[in-house]
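Beneath this line is the structure, given in structure tokens, with notes to follow.
To keep things simple, chains are lettered A, B, C and D as they appear, and every chain counts its residues starting from 1.
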């Protein structure tokens, strides 16, 4: 039931397979106050990552670092960079492990979240990807199985979107337009939701509704 | 029955009074193959000229030279410059005369035409203002009175337009589009026609039809 | 907005190639050939100056590589920061042993990428300092000054830091001077028409014809307000007032002025705007020590302009007057 | 196409004022303040070089006043030649006793005005020679070469004549060199979007979006043909072929190249076009001795570009390499 590099690679492949509508939707979300490129950036990142197959003998950490390095030459957007930073940090954390136990996932999400916070200087409550990670971390703690993990993750990203939708965004250019960000999903948070959904696969996702 | 500086000044005032529709029409004509400014240029020239009142004791030539000098600082368009050149040349020719006899007008038109030809390097037959002048010169020769002169002039400019309308233009940018100039009046020739019409005044013009 | 391009995917690389072919003082290096450096080696022991940013703002960023200015510049895709990898390459190439000042615009992604690159460079034993351009007064209030974006005013920091480095000052000094230039520089811009990203069918943002989008960002980030265009005069007054609303810490009534085209607005209009801006500055008792008018920091074919002021002290004035040479700007 | 202006009627004069305030090396003289001259007196006894033309093409014409280039430049209204009076003022101001070369574009009005001005100057005892730029291959066939308009290629004549004058050559020599530069220079341009005259509601000519108007004049004079834009590559090939279709009298496979923006087309695109133009020139065995890429001769915010080739001989190459300095172009 543990998660191996191959499982991660399979999840990335699932994301890649359905990336087109995700790309369009994120670009639209980012067009409202940002520069309209969240989807394009994410698609490029996922494309590069999906072309990295894990060495059969590689540890999870080695694979995550490999993904980070490839990604580090593929995108310059803030969201992409935060993902790269998270991949590097979690890669360091798991460099000796062949797999990750389901109940270690929450801790790793915490590692990712703290690294993103350190890099961006953005804490929780600013309506960013970091808030989604915080919620993921909280909700997946204590997951008993991969299926359970998936359900909890899906619920978490939805809940994060719901909780923040009507709050103002406090990061980047949008800050001076806090009012107009109210009522709309942050593109980074929406990206996390759509990624989790695609990674979980259609079976798990069927029970949820981010649409 | 001779033409004095005051008569010329009065003709200019008549032209100035009705310049607006003339300006629009000439701009439209020049827009077809040229830069669309024949009307604007002419309006500016006439405006400056109409602000020059003749010294009561000035000869015709002195007044024409005065008009030329004022005009020389008012416009840089080809048509304007040809008019300035014509004013200078006819001014030199008449510098000792208090008035111009009706039957000297054709000769002076010849002076103007030759000066324009020398300045522009354009001979007759190229569908330009020079062709209108040539026709004016020919038709006004032998005019017996100012009324007769006006009628002959009106007929001449119309005839010039009619004769050249279906010929190709051979001057300036339009040259490489000779075909598309066929069927349309040359803006400079049209300008001469409209000027003569306005100068002649409504009474004389009533019997003709350039519309 | 028909673009003279071959394909969106080759836009940046072909353009960079064309740039370096036109200006042999520049060349491309790095794993992805996305770092512009000086062709002639710089003096060893000089502090290196690296910059970087998204493409689509030429001459910014990479056009300012040259003596007295930048040593290396990382180039991202259109309106997208350079990758961590490219940023790292720019630092490695700028270094001659005396450390590297990374001088970039304050954009989240760009900053994070350069920070990550700097920490990788440190692993290779290269010291660096990061200074962020934050001149766009439209992008945050005075209280949140350090959150402001960097726009055209970055040029003053390039010039001052470049001069300090060329003089042989050490990294801390060069960084101090860059920071001072940033602290004392402010920009306000407005857009009159949008630009189109290569490969897109429509602009990512709209500016209605006849409308002024006051404070719009160089990537089309929404402005402070929009209203119908009235006159260059009125706009100049509003811009100057906005720029002078905040006082620099030390009093300074002598400035360097940059009147910049965002792309499509031609020189003719810039000079008209410049004339009005000068008049309003004079009304406020501001003296203009230096002036630049032209397309220095653009957004492809966006129409509009920006006005930047660098409030001078003696040190900055000396640095701005020092010789510098790049394809788009020379001081001698 | 919202313009940063105050009023159409003050457009030219305010812009010229702003130009000279930004560039103190220039100043305005003449009865109507429509002649741009060098602020610093030039050496007495140097042949003067006067130019002139309509406004709306900055940096052309008056931006090229400076050492090694023009002495004086008469400025007309937008897209309208300078008046006879202003042309005369430019000749009077260019003269220091050694005569004046009048070097202008071959536009009927401009030519006639300078000729009239020259004959007036002669009355004052000032000798002059007139040389007309005729580089636009789209404006007449090879048989009627001398009827062609002058466009961006005029810069090469400015530069060569300017260098010859600065060297102390006499009027006949300076004129000979200017004529040679004109004879050996050809330009072809294309427009992608029109420009708007100040004060007008709509452009005086149309270029449909997505359409290339090949050979369109810098005032919007109709082009040779129009077709949908395909690629920078294809356009570059077509332009190079058109430029090389006529052979210069003496064989010359070494050229100076100018890739020029008509206004709104940004540097990014110019460099892409430049890259393709170079490749096609190389295919034809043409060697590029010098290159300029940028907005040098524009039509306000017209989109599009032009490519000029000056087929060099040793003399022209030396003249192009001589030092020159003006606000928009420096050779050192």
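Quick note on the criterion: a contact is a pair of C-beta atoms (placed from the backbone, for glycine too) under 8 Å apart; a residue touches a chain by one contact, two chains touch by 3 or more.
The shown structure was predicted, so the numbers you read here are calculated from the model rather than taken from an experiment.
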Chains in contact with chain A and with chain C: which ones? none
Both chain B and chain C are touched by which chains? D
Farthest chain from chain C, going by the mean of C-alpha atoms per chain? B
Most contacted chain pair (by C-beta pair count): C-D
Rounded to the nearest Å, the gap between Cα centres of chain A and chain B is 78
Centre to centre, by mean C-alpha position, how many angstrom separate chain C and chain D? 30
Let me have the rounded angstrom distance from the C-alpha centre of chain B over to the C-alpha centre of chain D, please. 32
Can you compute the centre-to-centre distance for chain A and chain D, using the mean CA position of each chain? Integer Å is fine. 56
Could you pull out the residues of chain C that touch at least 2 other chains? none
Expected list for chain A, residues touching two or more other chains, is none
Overall pattern in which the protein chains touch one another (line/ring/star/complete/other): line
Could you list each pair of chains that touch one another? A-C, B-D, C-D
State the interface residues of chain C toward chain D in the complex, per the touch definition above. 1-7, 11, 14-19, 21-22, 55-56, 58-59, 63, 192-193, 209-212, 229, 231-233, 235, 259, 263-276, 278, 291-293, 295, 298, 300-301, 303, 305, 330, 332
Partner chain B, residues of chain D touching it in the complex: 31-32, 54, 76-77, 79-86, 107-110, 112-113, 115-116, 138-141, 144, 147, 149, 204-205, 217, 219-222, 224
Mind pulling up the chain A residues that touch chain C in the complex? 31, 33-37, 41, 72-82, 84-85, 119-120, 171-173, 175-177, 180
